[in-house]
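Going by the order they are written in, the chains are A, B, C and D; count residues from 1 in each one.
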Amino acid sequence: MSVKKYSEAIRDVIAEEMRRDASVFVMGEDVADQGGIFGCTKGLLEQFGPERIRNTPISEAGFVGAGVGAASCGMRPIVELMYMDFTYVAMDQILNQAAKIRNMFGGKVSLPLVIRGQQGVGRGNAGQHSQSVESIFMHIPGLKVAMPSSPADAAGLLRSAIRMNDPVMFFEHKALYATAGEVPDDPEFMIPFGKAHVLVEGRDVTVVCNHLYVQKALNVRAKLEKEGIHMEVIDPRTLVPLDVTTVVESVKKTGRLVVVHEAHKIGGWGAELASQVQELAFRYLDAPVLRLGAKQCTLPFNLGLENAVVPQEADIEAAVKQVCYR
Amino acid sequence: MSVKKYSEAIRDVIAEEMRRDASVFVMGEDVADQGGIFGCTKGLLEQFGPERIRNTPISEAGFVGAGVGAASCGMRPIVELMYMDFTYVAMDQILNQAAKIRNMFGGKVSLPLVIRGQQGVGRGNAGQHSQSVESIFMHIPGLKVAMPSSPADAAGLLRSAIRMNDPVMFFEHKALYATAGEVPDDPEFMIPFGKAHVLVEGRDVTVVCNHLYVQKALNVRAKLEKEGIHMEVIDPRTLVPLDVTTVVESVKKTGRLVVVHEAHKIGGWGAELASQVQELAFRYLDAPVLRLGAKQCTLPFNLGLENAVVPQEADIEAAVKQVCYR
Amino acid sequence: MIPEKQQRHILETMLRIRAFEHKALQLFEQNKLRGSCHLCVGQEAIAAVICELLDDEDYITCSHRGHGYCIAKGGELKPAMAELMGKETGYCKGRGGSMHIVNMAKGHLGANAIVGGGIPIAVGGALACKLKNNGHVAVAFFGDGASNQGTFHESLNLAGVWKLPVVFVCENNGFGISVPFCQSTSVKDVSVRASGYDMPGVTVDGNDPEAVYAAAAQALERAKAGLGPTLIECKTYRWYGHWIGDPEITRDKAVTKEWKEKCPINRLKMQMIKTGNLSDKEFSEMEKAAKQEADDAAEFSLNSPEPDPATVMDDVFADRVPAII
Amino acid sequence: MIPEKQQRHILETMLRIRAFEHKALQLFEQNKLRGSCHLCVGQEAIAAVICELLDDEDYITCSHRGHGYCIAKGGELKPAMAELMGKETGYCKGRGGSMHIVNMAKGHLGANAIVGGGIPIAVGGALACKLKNNGHVAVAFFGDGASNQGTFHESLNLAGVWKLPVVFVCENNGFGISVPFCQSTSVKDVSVRASGYDMPGVTVDGNDPEAVYAAAAQALERAKAGLGPTLIECKTYRWYGHWIGDPEITRDKAVTKEWKEKCPINRLKMQMIKTGNLSDKEFSEMEKAAKQEADDAAEFSLNSPEPDPATVMDDVFADRVPAII
């Protein structure tokens, strides 16, 4: 085990996989000399050279498309988007090409492509640089979707993603890069997709969340425990595949579910999870499934407003109490 | 009242609004001489000339962006996308620009822009030309979303959309263009956004659906009535705003809800509706809310496969019976 | 001059493409085939000549008007026609149809129904060649309409700045559906755009196999020498509507007739006869063989099974995942 | 030659922009301002000169590096600075911040944080002018990095084929964050791309107000005469990092120093002094006034209220809709 920052965990896995497999390479804006504006490829140019750590023009559709093409031809590109908000610029290459190529071609092509980058609030980057866009990629079939919430998850999920033969949308969070945690040194350490992480057990209410909300939920849990409410906190880790089973098992025990995410509430992945759980655990639910997510407005620049848009610990607390009828 | 095809209803409203308001104009691929490949602007070039019925290059991001700019400057552009699958090509202009401009600019700009076009299955157009993509636009705040299911709805909702001071995503269905129905002749005929249409009342189970599924649900209703199951069929008409109230009132009566759409089930708008209803009508539900939507695979070319992917009448029937425990 | 052996093969390829297209048209009219079906009759030289210069490890992408490329890049008529019919024996097992034929074994990365969508994918193929340093190249085929897509620009710039082994081939048939080139495009020749990426740009008569051959050979040489990309514009015309069923509102029948006079097959045939490399009889035999092959492909496809609906979820992912509801 | 009165106003505008930027930098370093803050110090001539040629009914869009454009297009420093601080008194009521300043009353359609995102929007502004036939124009300002976005290509083609009254102005400061222009772009001058759209393309020294003026005046005349768009590339350099806090890994300090010698303010000042249109004293007064205005703007902004979180949902739609949960 080594203590690493989330960004270091990502960088180290990329480096290890690049050493292990010559077909792995990186491209994106400012990934070379700068090592990515969040440092996720820092030092890799020196180790691997400019062919494999490749600065791109500001042409997201073009270089994501080049990633699709290279992956079709046996390479394993890791494409960095500086902000996942820029997926929109490359959306056709992601949703109409990467997601569909294998299926539309009758299984004749595999696409080992990772598109990774950060998203979310915390720096007051305003509307076009603060979104959490993962839910869109869950809706259109053909993409796997990962969302690591800790350095270890970042390492384990990213290695799985790189070795996977399918396109993966890999969502990091800008406010997690500086958080540190233990990461296994094993160069084969992988976390499987589709296996939720039960961070802590509890008998009263299930809270499903990820990214920044894992820590926030744990904070709320510590507080509410003193009030006699025992929260079970689950991080799905991947949205595609989504480990509904673990959540349903938990809800069968607790009878209550709150889903929390930073993505907009309306049409977010919480809606999908809530719908599945109310279907699969209907008789076990003692209260409606509650969802927390960003309000339906554009993420504002002002930090006070930003905080008013995304769920806060107090909102989690209130929702948990509500489903517990307290 | 006149009997019109769905495509004619659209064309006539565009023509009427263009006569009424000089700031309304149309642009899109093949909208001029050809009148749109589905005929929704047929004959308008002759009436309004090439400045206001404007053929574009195949540059969706460019001309959607031009629509955003023209709308910012007081025009009321109607932008036709030949297939709504091509929203992906223009996604940044739709989700990062059109949707956000008003809100991000503190309310200082209004954006009376309509982006319209058809989508869906029925012609075996394969993966990149058969999607139902509306749910994505419900998730990102700032866009209104309309989905007319009949010629009258097309007319009434489109006139509302054109006169609205916000960007509207207007989803037509390719397989509805040839369907005919009565449309009011009143040149002020409008259907408000956010008001669901209760097509037929029933006491046993609520079915919410739109586009092709309205007719399919009515067919199933006729059949099941004979078996003593009385379905209430509701078309939400718009997804933003979404008339949850009407659905909740219905569910309070029936105790059962099935949501049916052609969009992919996972992460589709049915998940949003199901989540809201289970929250707002928890105590009234006698069965879990069921959702039907396209399977999580790319829409296939082969028509037999296509039918296997999207819900069929038999699936609706089965779901209705399931929630009725029959 | 195209070497004699290649001349013959190109002629054969063009004949096979044409026979295939005409068979597809016939089947369509007989209601035995459906969908958005874009024929390339009249444009065969571009596919036949350029793919003649490629081998199986060279990559191509192409547009919705893709049957010719599939065949020229080594595809067989049977699985191609079966795909147009949505049969299990098709190149995509009936999932893709006319607009999505793929053939990885022959380096065909797939046709694309998004105008401009395949161009960056070819750039990625070229990038793979460069990273593997295997001496191979990629070719992106696309229409004149696609040259106004952002992906065209981004792809040419990427290829230019990275000096990738790729050739961009624009089939300029003068129309994007009903819209004439001059109404959608700010320049008279797409090839002039090459200077915006510091690469050679050339316009050739796309119905002249020799001209296409010369331009492509030079571009491929350049690409393989590590000197970077080239943009080749081939002026051509389609004999039929945009797709089967197109009312052709804006096209002048007289112009179509003129272009039929410039038939690329006839042109190469006459050249070969003139130089003594082909007899009328040989030509007739080639033509007959091509038609027979197309007939056989139709027969094969008609008798092929429909895909089993139970298999519809089979090919979503390579690495299977726990089922999503 | 720039008319004397305009010279003076341009100089004033440049001084106001610079004072604003330096004040923002200072406030940032004092932790009184935050966010992604892109300064245009060194590049002021482009905004100041070109906007001098526009009136309030002419439209502009600009990039993330937008403070200069806001000011040059008639914006006031107070609401501009307040926006950088996210205050309710800002141009966007604190919703937009540095990268999203808008000022419709002055024809400023907004800065854009998506590289290349504003270019088609300016084209739409020009289209509105054309449809209204009001004799006005639109100008799109963007960086060199943006010239590799698909929207650049699509916008220039649209404007070219529709002969729209629009001018495309590329501020080529040699870098997109850490990436040098030559590493991202396949041509030496962005202006050569103009030929791909059959429009004039010209490269000028962006730090030379006279050169920028001459090029812009000609382009605007052309646009207003209905002759269509022009692409103007202004070579320039930013004195500071990409944003406040940029480690500037790939920029050479010596080069920055050279460019500081080419300060556009100093250049115009010296010219005006030489021609007797300005005294040292007048300049000092202008500079002092600009600094004072920036100080006042800072003061105003610091004392302005934060937006009320209860109002966060107020500006989503113009036509209010029943609340969505």
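Keep in mind that, in the parts below, a residue touches a chain if its C-beta (ideal position, glycine included) is under 8 Å from a C-beta of that chain, and two chains touch if they have at least 3 such contacts.
Only a predicted model underlies this, so the values are computations on that prediction, with no experimental measurement involved.
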Notebook entry, point to check: Does A-D or B-D have more contacting C-beta pairs?
Noted result: B-D
Notebook entry, point to check: Based on CA centres, what chain would you say lies at the far end from chain B?
Noted result: D
Check: Measuring from the mean C-alpha position of chain A to the mean C-alpha position of chain B, what distance in angstrom results?
Finding: 30
Checklist line | CA centroid of chain A to CA centroid of chain D, Å | finding: 36
Notebook entry, point to check: If you average the CA atoms of chain A and of chain C, how many Å lie between those two points?
Noted result: 39
Next item on the list: For chain D, jot down the residues that touch at least 2 other chains.
Entry: 92, 94-96, 100, 112, 114, 117, 148-151, 154, 157, 161, 183-185, 315-316, 324-325
Notebook entry, point to check: What residues in chain A touch two or more of the other chains?
Noted result: 56-57, 59, 61-62, 85-86, 89, 92, 96, 103-104, 126-128, 141-142, 266, 295-298, 300
Item checked: Residues of chain A defined as touching chain D within the complex -> 29-30, 32-34, 37, 55-59, 61-62, 85-86, 89, 123-129, 265-266, 295-298, 300-305, 307-309
Notebook entry, point to check: Okay, in this complex, where on chain C does chain D touch?
Noted result: 148-154, 156-157, 159-161, 183-188, 192-193, 195-199
Checklist line | chain C residues within the chain A interface of the complex | finding: 59, 61, 90-96, 100, 102-104, 109-110, 112, 114, 117, 119-132, 138, 150-151, 154-155, 157-158, 161-162, 314-319, 321-322, 324-325
Next item on the list: Spell out the part of chain B that touches chain A in their complex, as residue ranges.
Entry: 85-86, 88-89, 91-92, 94-96, 99-100, 103-104, 126-128, 131, 135-136, 138-142, 263-264, 266-272, 274-275, 278-280, 282, 285, 287-291, 295-298, 300
Checklist line | Residue numbers on chain B that touch chain D, as the complex places them | finding: 23, 25, 51-52, 54, 56-57, 59, 61-75, 77, 92-93, 96-97, 101-111, 141-142, 144, 164-166, 193-194, 240-245, 276
